[in-house]
């Protein structure tokens, strides 16, 4: 499989050649990265199963489904703004994805101090996302009386799915924060100086996936 | 953009970063201006897919991977579309049976709690 | 096809464990992990076997065991089913065979992430322990909801173990899925990224192909079970209503409202049908290899065999609701799912044809592993054709939830994979231990098991024709059963007891031969695939010494015209014959 | 003899195949005699049976023959031929044709199965752990709507509701649906249906999954709580048939049986006329003293009626009808008068003095004094 001939091939030829070659199928993909991709594929099925269940139950429901933009509105300067907190959370997560992408880029250039600070910033943004989520939960439970098993505004499943899906996503974010911090400090200590910085990219894949899931939750839960 | 990206990745990152903000604001505006019905759903899905696509393609470097990896990761989730479609189809059926046989009525969207009554809609 | 790509494994040093515990307990060696998986799976399997014999006694001789009340019966069917499907078959075929064969057959030193692989086993052990916790007295026993765990009955008071029993079951499943994911990611990555020189996917033995496709199915199907387990635990413990509509359970109106029980069934079978193939595909692979090696002939139509595996794997995700034809789902789904299900029959039939055509003009050595493989083909044909009954929506209507279904799935995913497992153990035991298993014991065990299970399950289909419903604690007081059906039932029970006890022969054989078996040598069967080319037997840590082997041909060069021996191992260059 | 021993594997495998065929031919265990219009199901089974049966015999015997013919010889050589595309294509095509032949009648029959004829008479089958009830739509031909809960009220502090399925309203009829008034309620597990009429069976469950199944009818369908399912059939012969539950529904699954009689039209109408409508049932319910009503409510809320009936039938526990003041025989042979003392004792320590013929399955209940008094009063009223 000569790399030079690459550009002349159509994608289909590349696919066929790669699958029929020896040693590796995903050329130039380290083990860890391949494994993370496959794991994310599996995780995609988990989140999709959650979201599809949410769809099925909501569509079967005859009780009223609350209007999310009203439930999740927040007062700013005395005016209630719909989905204000969610908007901020979304922007935070996107920003963290940006810093993470930069960290991966710096990793390729082996600038480990930059990598450390960018990953650290990503982790901080992630932690603040979880914090805001906690705030949102508190508000929903305390001010609106929504519980996982009841909802004064209508169908109980509104709360059930909200807490379950955002909770599961929040767990992913929290785990990601821990993961980021561990890798960041290892990078700083020079653990990967003599090998490659692929671990940064792998961590990045996970983090972007968490962001990706939020894109879908945002669309289906808060806007639909 | 793809060619530029491979030579100046950092610039592409900033560009995508900005685009993600734009799409988020756009989907937020869909809600703010209270589009309803199919137009609303269409816009939400379009912006969602655009955001997801950019994250996967650029931030997750899918754009620069070989087609082998791209197809291996992106093709299997297609079966989930079958699951989604069929469950949606069936949900309507079960919903109808609740309306017809249990006399359930479609409840109006409830009043929001008093503190949020003045949401523009 | 040999390329200049150097296998990454050859460039990284391997750290050998220093202590006994590091070597045999918390071992990261795929072969030790395989044995750990195998022993644990067989141990729980024996528990499930014991439960099945209790159930058989109850069905045929209701007066015999007064203490065996309804609750025990329903708990036994549940535990028997779940243990056999998940904790024995899935764990054994992927955990034990997968771990043992994948690195050896791909020419890898070990799994790509040995530490994660080790964790996989210990987490699996944890899931088994959690599962068995339900038997602690005072917790109300395990759940009696049937292995399909359909809500609402799973978590309502009318079902035994509706509190702790179901909790431990769901928790155990969730933990098992974590364990499987850790192992499965390893198998897939090893197969895709850590093969040796010259080992293209199309030169892999079918065993690895079966395990590869099955693992992939597992990674994509178990999420649905994971999600439904979480949702059901929430329904039970904090009172959400995902699967629970408003119901009146034993006179009490429960607080649940608006949930959809069918959603659980869809999620469960979205996992459950691929699960059938997670069990079947590795068995297909193992049997293909056994038949080819012992018939001294290349497997017929290798490429079609591979594509059939892949095609079955893909299709298995869009046939799930054929388990739900009478579940009350949307009526039109019947058309779609009957069609997709019967389409799956085509690649499956092709596999059967190819096994049989491999025998044609072969030179068949009737060794004990070959006997298991041949009987697998026969039981699988039986299970497959009864599947055509149940997959065809309208025939499923009278037959579903009868003993026909019980007979069908025991034939196709109980007996068949178990026979493949027995054959596989017999085949690889010499490589694993350096000693042969005892042939006499093996033959006795084989004939009792094969003929016994056939006598159990073949007539059982006819009970289904009469209309005997499954999962009935007491059966034979209905007016439309002929009295002779009870006699048939008793015959089945006697046979089941004999077969149950006969499994001890295999255990004895495994233990006895470990110490006193005939020394095997490196390649007792004259097989081609890479695991028989290791420099030592049993293979040491790292499998291959300093340099990984180089592969020059596929694994099925038996009786190639012009060669002096009747087999040419994969490491022999093209043009040479030995 | 030598040869037989040499080839015992081939012979035994062949015998398994032939034995299966012989078993099938001689087996007295076949489908029960059909009693509905679904002969087409039996026909489809036959088609599948023949195609798969021939395939099984051919494949099995070919395998046995190959094992005999190509048994290992030291000097033997197998034929090296990795692929045979022509043969493989033919096998694929033949299999596909077989599959189509089996599938086509199946789909046609299914199309018939899911489309209920417009003249079908509706009957509701109502499943509960572990017995059956039935409901006919009455004169207006429409089944009244039902509900499990009424007056559902959601507030910040929680959701409250009143049970709608109680001993006074065992079918959970909705108050606000006038279609329900003329519905004919059959509160026992005996169903009568007329011969030669298309019948749409509407399936409803109040607790868990059940499955209404009469083997001679062939048709079955699960009943799913929270929604309605259905199937239809036309009875083609009169007689008595057993109703089974075909979906695991808890520890009493195997006792969930019933009886279905297929009658001539006149017999059926005679029987139906003797049954009560919902309006009649409501009218027959006398207003109760507050304390008795309270006792009934307590019994309802604690699920007593799941095991103790009010109409004289024995379910899991003894019926309460005529219980009060009667002399009853205990499981140890002693007798006792069912007075207040015995009743209270049996509620608090239910398994000490068991009535003869019943198992020790009841869990102890503790009530406040006034609740216990109300319950006892209710039992006393019920007996009369």
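Just so it is clear, A, B, C and D label the chains in written order, and each chain counts residues from 1 on its own.
One rule holds in what follows: a residue touches a chain if its C-beta (ideal position, glycine included) is under 8 Å from a C-beta of that chain, and two chains touch if they have at least 3 such contacts.
Remember, it's a predicted structure, so these values are computed and weren't measured experimentally.
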item: Closest chain to the centre of mass proxy, which here is the mean CA position; value: C
item: Chain pair, most C-beta pairs within the contact cut-off; value: C-D
item: Distance from chain D to chain A - Cα centre to Cα centre, in angstrom; value: 46
item: Averaged-CA centre spacing for the pair chain D and chain B, given as whole angstrom; value: 43
item: Rounded Å distance, chain B centre to chain C centre (Cα mean); value: 38
item: Centre-of-Cα separation between chain B and chain A, whole angstrom; value: 14
item: Junction residues of chain C, two or more chains touched; value: 220, 255, 257-260, 262-263, 266, 270
item: Multi-partner residues of chain A (each touching 2 or more other chains); value: 19, 25-26, 29, 34, 41, 45, 56-57, 60-63, 144, 153-154, 156
item: For chain B, residues that touch 2 or more chains besides their own; value: 76, 83, 87, 90-91, 94, 98, 102, 104
item: Of chain D, residues touching chain B in the complex; value: 143, 145-147, 174, 176-177, 202, 204, 226-229
item: Footprint of chain C on chain B - complex, ascending; value: 76, 79, 82-83, 86-87, 89-91, 93-94
item: Interfacial residue positions of chain D with respect to chain C in the complex; value: 9, 12-13, 16-17, 20, 23, 27-32, 40-41, 44-45, 48-49, 52-53, 55-56, 59-60, 62-63, 66-67, 70-73, 76-84, 87-88, 91-92, 95-96, 99, 102-103, 105-107, 109-111, 113-114, 128-130, 147-149, 152, 159, 161, 163-165, 172, 203, 205-209, 211, 213, 215-216, 218-227, 229, 240-242, 244-254, 257, 300-307
item: Residue ranges of chain B touching chain A (in the complex, touch as defined); value: 9-10, 13-14, 16-17, 20-21, 24, 27-28, 30-32, 40-41, 44-45, 47-48, 51-52, 55-56, 58-61, 65-69, 71-73, 76-77, 80, 83-84, 87-88, 90-92, 94-95, 98-99, 102, 104-113, 115-116, 118-121
item: Chain A to chain D touching residues, read off their complex; value: 60, 144-145, 150-154, 156
